[in-house]
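Take this structure first; my questions come after.
By letter and in written order, the chains are A, B, C, D, E, F, G and H; residue numbering begins at 1 in each of them.
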Amino acid sequence: MARPVKILLAGEGGQGVQAVAEIIAEAAYEKGREALYIPNFGIEQRGGVSLAFVQVGDEPIGPPRFETADLAIALSDRAVVRSRPYVGPETTFIYDSSIGTNHLPQGVARLVAVPAIEVSKKELHPRVFNVMILGAVIGLTGVITVEEAKEAIERRLGHRFEKDPALRELNHRAVERGVELVKGKL
Amino acid sequence: MARPVKILLAGEGGQGVQAVAEIIAEAAYEKGREALYIPNFGIEQRGGVSLAFVQVGDEPIGPPRFETADLAIALSDRAVVRSRPYVGPETTFIYDSSIGTNHLPQGVARLVAVPAIEVSKKELHPRVFNVMILGAVIGLTGVITVEEAKEAIERRLGHRFEKDPALRELNHRAVERGVELVKGKL
Amino acid sequence: MAEYHGITVETEKGTHTVFPELCKGCGLCIAKCPKKTLTWADYLGAYGTPSVRVTNGCNACGTCQMVCPDCAIVVVRKAKAR
Amino acid sequence: MAEYHGITVETEKGTHTVFPELCKGCGLCIAKCPKKTLTWADYLGAYGTPSVRVTNGCNACGTCQMVCPDCAIVVVRKAKAR
Amino acid sequence: MQIQPAMPRSWRPETKPHKFCPGCGHGIVLKALGEAIDELEIQDRVVFGCDIGCSLLSWDFFNVDTVQTHHGRTTPVMVGMKRANPELIVVAYMGDGGGYAIGTQHLVNAATRNDRITVILVNNTQYGMTGGQMAPTTLPGQKTETTPFGRDPELTGYPIQGPEMVASITRDGAYVARGTVARPRQLKEFIKRALQNQMAGRGFSFVEALSTCPTNWRTNAEDTWKFIEKEMTRYFKVGEVKVPPELARGKGEREDG
Amino acid sequence: MQIQPAMPRSWRPETKPHKFCPGCGHGIVLKALGEAIDELEIQDRVVFGCDIGCSLLSWDFFNVDTVQTHHGRTTPVMVGMKRANPELIVVAYMGDGGGYAIGTQHLVNAATRNDRITVILVNNTQYGMTGGQMAPTTLPGQKTETTPFGRDPELTGYPIQGPEMVASITRDGAYVARGTVARPRQLKEFIKRALQNQMAGRGFSFVEALSTCPTNWRTNAEDTWKFIEKEMTRYFKVGEVKVPPELARGKGEREDG
Amino acid sequence: MPTKPKPVEGEKKVFMTGNEVVAWAAAAAGAECMYGYPITPQNEIMHYWTRLAPKFGLIFLQTEDELSAGFTMLGGVLAGRKSFTATAGPGNTLMQEPLSMAEMMRLPAVVVIQQRGGPSTGQVVYSQQEVTLTSLGGNGEGLRVVYSTSSHQDLYDYTIKAFNTAWRYRFPTFLLGDGYQGKMREPVVMYDPEVRGVELVPAEPYVGRPGTPGVDRPPAHLRNAYSIEEELYEAVMELVREYEKVAPEIVEHEAFGVDGARVVAVAHGVVFRAVKGVVRELRQQGVPVGYFRPITLRPFPADALRRVAATGVRLLVVESAYGQLARLVKEALSGLPAEVHGLYKPGVLVGQGEIATRIKTLVQGG
Amino acid sequence: MPTKPKPVEGEKKVFMTGNEVVAWAAAAAGAECMYGYPITPQNEIMHYWTRLAPKFGLIFLQTEDELSAGFTMLGGVLAGRKSFTATAGPGNTLMQEPLSMAEMMRLPAVVVIQQRGGPSTGQVVYSQQEVTLTSLGGNGEGLRVVYSTSSHQDLYDYTIKAFNTAWRYRFPTFLLGDGYQGKMREPVVMYDPEVRGVELVPAEPYVGRPGTPGVDRPPAHLRNAYSIEEELYEAVMELVREYEKVAPEIVEHEAFGVDGARVVAVAHGVVFRAVKGVVRELRQQGVPVGYFRPITLRPFPADALRRVAATGVRLLVVESAYGQLARLVKEALSGLPAEVHGLYKPGVLVGQGEIATRIKTLVQGG
């Protein structure tokens, strides 16, 4: 049985990882693939680390949570810690290079730092930080194409882009920049 | 295993069958025998037929309700009806001769009418009607002696007898008259 | 519908009917009658306890009927202008 | 007990200290300050969002301290008679 | 045919005499309700819901569709029913235990939401069905099975003021009154107005009825009347507590029985 | 050591920053409570009970013995505790859902019995913890997850008047007030008086605190203040509702923050 | 209500959360009233329902607690509307009171349970710890139907089926999901049941039928309290007989690879998804393993499972609870010498790795 | 409270109702608080308790419902007093909410259940239909102790034991009786536990211990809500481990004539009295029959029953419920080829005649 690609995204409340997860899953679904996305949630309304489990494949997806991610992306120190139970020898583990963390997992397939926070701040805008992350995921996994990602963004934010076409431009650049960021990192 | 004597008393709310049952059970207990008494009860506070299940024996009593009474006493038409499930070929079935009833059980060991209501009204006082019934039970079963019954009555009503010794007398006469009523009926 | 068998007494001001089949002998009517004209009867009520009956002096005010929880009394007042 | 690292600013009327470790950046203090002297800071608070800092004009009224749900502000008023 | 009993048309004769004890006030309250139903000609639209408590004994009392529910839960059943079919006129009938103890949350919230139902709550100062325990309505000093030495207000407070509480959380559309079986005509009028208020779609309608329980009070008829007329009224004020402006101007003024 | 935060002594620094959202009024209420505990010097005798609702986030908030209970059930837990050991000063801390919806029967009956406990109820006009559904306190027109088109008073009534309801069912010993996190000093004073009333053994003490929930209101700081100060006070009157005569004469007069 | 628009026309594939699926499915099944009280993780069912309400003329009330949610629901049922509620955890505990009334009075009703961790407040996320409570809760004999779902398609299909089962057989019917199912998104095909030939059983009013009671028709006199023991005995036995009569029509399961298996894994809900993947993969590798999934937990597919167990396999019950499904399995297999093993993880999803390991050990006789 | 007079001094034989026995036994066991809500058939426990209260300095509160009764009880426990409550039927259903909190927080508590007929309001008299609810109720794993009594002597002995079990092991403990036991009168020996060498386990306060929290000692921070799945998993598994560790110390049963028996009747409560009489009589007549009575329904005496069943006997479960005890029996016997038959009479006492007939049929292989 062909296994689905398993992606874990982890970040602080405001970092927008759930939106990224949803976009990926939905885009994959729209493209006719099987997809499943589930956020973590707990007792607090805010304040905890936000985890998103995404799976994309060609056969119906199994359990909603997986034991080991193929790709894990952690965007803060606490996120690194919360991601570790889902990381194994097959995992590509991506983290933002700006976070000072002593908790990086050992024995993973690949451990990759990307300067996403910095790049988004300097080159683009902090508000499209998560779109860059989306680009990075695409770049690393190919679960959806850049085009499909852009369409999915359009479905979500199209009404806003109508008023502010520059925003569309910004988002597109962010996806592409995200792909670039991880190019050659595998 | 020696079986206990099983007595069912059934009457209308005001006829005092529960007091009779309690006196018998308690007197037997005081005398060192095994005894168990349980009233029936239902949803209504008042208005239903009152059933009392009494068992007296020499070994610990089994289940609190029995299937077939050795002695069943029914003091109203409705009481006759409610008693019937507990009556079998071994049962001595006593009913008051004044109640017009078409529901008398068939195939019992003995079917005995006693004019308790009439006698209590005419010779004694309606309020000691149930004491006469007590006497009748004693007369038929011998589970306790007349003396023991009198002692049990004394424990219950002694404080009232202090003030009104004639009442004691009346009660004693009622027990005795009850015994007489059933003499030779077995 | 069941037919009830009332015991009707003609009073000065009307009729007073008691239905022993319905009467539970609570005595609320006796206690509440402003004229104290109700008393225990020697016929028995629904639970085999004494029912009630009207005696002299009833003014047909209907209080007993009104307070009876079991609808066991009907008081009919004679039409005035007759 | 944990020691907190406040950022203290001397104001005309006293001192104004913010504890970024405690500040969640809700902005209640900013909105409530009668003098409108509070503003977003470039240091980050507990959740990685901007904290706050005082600017000119603070009258050390203590409102910001009082309404902060996280005890992230301490305002000390200079003793008057000194 | 001889003279027949003056039972309300909406009563079900087949189940009479009813199951309440001799002298029980429930019978008087249900007579008032029956007469109100007759006078309003709504027997075909009323659904009667009775609680667990002695009120359950009325599950087959009326020639009216009837649902016996759980202890304290008649209010929500009737709320759910009314919202599902607003054409029905629903009556939730319960004791003081059902309404003021186990079902308080339902009473308070139905009142707050201004649900278009009529609640009739029988206050007999204790738990009748279970053999006479304290209720939130038990009078100071009153002996019950769980206050064998008399209710001590220091320990368990004073009798709850139910209609007053309902009034405090309702707005204009609500009708709130306290009647007594000692004044059956007034009680009927209150119940009628409570039903009319529901029929007009104005809002929540609540009638507390002071009622007798000779069985658990262990009173004879004389003392039964004394208790309800003299003792209970020291703590419970009889009368209308809240009347919607429209209803106040309308017909059906207060009459004393 | 540098200047340190002015946390109440009874707060537990190890668990700060606390678990409430940015701008949550719970923090302000609990600061008021902490200060009241400090000023009354009762940290060693207070037991803090928190409900399920965002109040549960305070289960390790204080250096005070704390019990987190079930949704709506903090009142009975603290009642049982207080009756078992009257030396304790017990505080039942809950939301408007816990107190006015699922736990109404407990609130009403503890009040009626005049239980010597202090209830602090945080009114944030909706269910914070579960993501912002309607509460009995939701304002007319207010959008919540279960009133997506705004609360319609025709369908679900007007916001419940909690302190007024409690006042209607309590007698002299009770203390009842409504404060707001927009006036923290006054709120602290109300809480202090509520605790003093319990300490004096007079009776039930109840403080409703109007509070903010920027997360579910989806408001920025400006609008958060506007909602609590302008919108909420249209329906909820801030002030003392019932003051025992002894307390009225005592110290601790009302101060505005 | 023939004039209202249909919530779902024809057939369409969508990608949404399970809670949203349930709201749509209930509307598609002809439900008209939802009465409920918020609790995570089922809240969104209410949220979606309130948004659908004005469009499709649906009724909603947020009640003061779960007791009220359950009893208002029964009020809606009595009035003749298909009514339902949704809850979880401690709310499910409370829901047993109204549901026991439904059982006694034989009222239909649909209750969606999105399990969370227990006991007590526990956690708000996920578990399978409400199996016993949902199947057998209350002071009675558990005369109810419980469908356990494991995918969004199940949520849709069985929500529709639950309404039909409840109204056809008049036993309260539960849809047992969990927080993961409620909150996750996956594809699902929604359809108008009629398009698939599924006829919707109509709801009839229990009260307020035409005519004046006692004049034109007998009154409805519905009760749940009985005065004496024998009276209740008769009533309960009547219920039991009816239940046992219809149970074979209701019971459902799904099995794979059980013929010739050495080990059969038994699981339901999302855990079944994990088990299914593992078992299918192991089968491909030639490991003699199968699975058995009870779809109805109550009535339990005992006969089918007994047939499987009678072949001498070892059973491995896998669940996110401490032996709750296993208890049902063991009861069902009474008298059979089948070994029942357990892999119990209360409140957490069981990992495919540990399932595989455990199965392999059992296959090897360990 | 050493200055208070002892409720029961020395030892004495009395003749009273079961509810009165429970009130005395609780007082003798050192219970100090009873919080309760009226319900037939347990009311008289409260009635007697309120009459004992002033004499022995006992605390009582009649609460607004069973939820409150359970939660006030836990408040009393937290304050350091042995506290208990009593309920039945729908009250038992509601009681599961507070009891699930006790389970999660591992609080001791004693709950007396006098079963009545169910489901729903049912009847107020008698049944054994609260076995499942009492043993496994709530949204969890049923981590509790249930003693089933069958005589007044049991009521006395096991009430005392229940308090000791609860406070020793800190699991909520139920005393499962029924309305017949509550209302009947029979002889019983009451005694001061100490006279019999039974030491009373003391209660300790959970809150309000000496010293200022955070200064002199850590604060008590007691909770039942967890944020993530794994956290709750650890907590529940810890409870399960503890429960399984102490279960062998708690479990109790009684058996007779099982060696060489062809049929073993399994029963509890007052039904056991009927079974006992029948079995002893049949044994005297030479019929190869025995009985097995679980005294603890939770934990269930599975090992002991398995030993009996392993001999190849046929089991007959007799109960005033529709297979609730049988379910526990079948679970316990998982994997054994023992036949489990049932004689189920929900809500009515099972007659000795029908028990005898059924046993004889089974002995003869029918």
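Everything below uses one rule, namely that a residue touches a chain if its C-beta (ideal position, glycine included) is under 8 Å from a C-beta of that chain, and two chains touch if they have at least 3 such contacts.
The shown structure was predicted, so the numbers you read here are calculated from the model rather than taken from an experiment.
Looking at the partners of subunit C and subunit G together, the chains they share are B, E. For the pairs A-H and F-G, the larger set of C-beta contacts lies at F-G. Distance between chain centres (mean CA atoms), subunit F to subunit H: 39 Å. Taking the mean of the C-alpha atoms as each chain's centre, subunit A and subunit B sit 85 Å apart.
Here the spacing of subunit C and subunit E, counted between their Cα centres, is 26 Å. In subunit H, the positions touching at least two other chains are 40, 61, 64-65, 90, 97, 101, 120-121, 123, 125, 224-228, 230, 349. Taken residue by residue, subunit C touches two or more other chains at 47, 49, whereas all remaining positions touch fewer. For subunit B, the set of residues touching two or more other chains reads 40, 42-44, 47.
This structure has the following touching chain pairs: A-D, A-F, A-G, A-H, B-C, B-E, B-G, B-H, C-E, D-F, E-F, E-G, E-H, F-G, F-H, G-H.
By the touch criterion stated above, subunit H contacts subunit A in their complex at residues 225-228, 230.
Residue ranges on subunit F touching subunit D, taken from their complex, read 1-7, 11, 13-14, 16-18, 20-28, 31, 181-182, 184-185, 212, 214, 220-222, 224-225, 257. Across the complex, subunit E meets subunit G through its residues 10, 12, 43-45, 47, 52, 56, 59-60, 62-70, 73, 76-85, 87-88, 105-106, 108-109.
Listed in rising order, the residues of subunit H touching subunit F in the complex are 32-33, 35, 59, 61, 63-65, 67-68, 71-76, 78-81, 83, 97-98, 101, 205-209, 211-215, 219-225. Interface residues of subunit F, counted against subunit E in their complex, comprise 100-105, 108-109, 112-115, 136, 153, 155-158, 160-161, 164-165, 167-169, 171.
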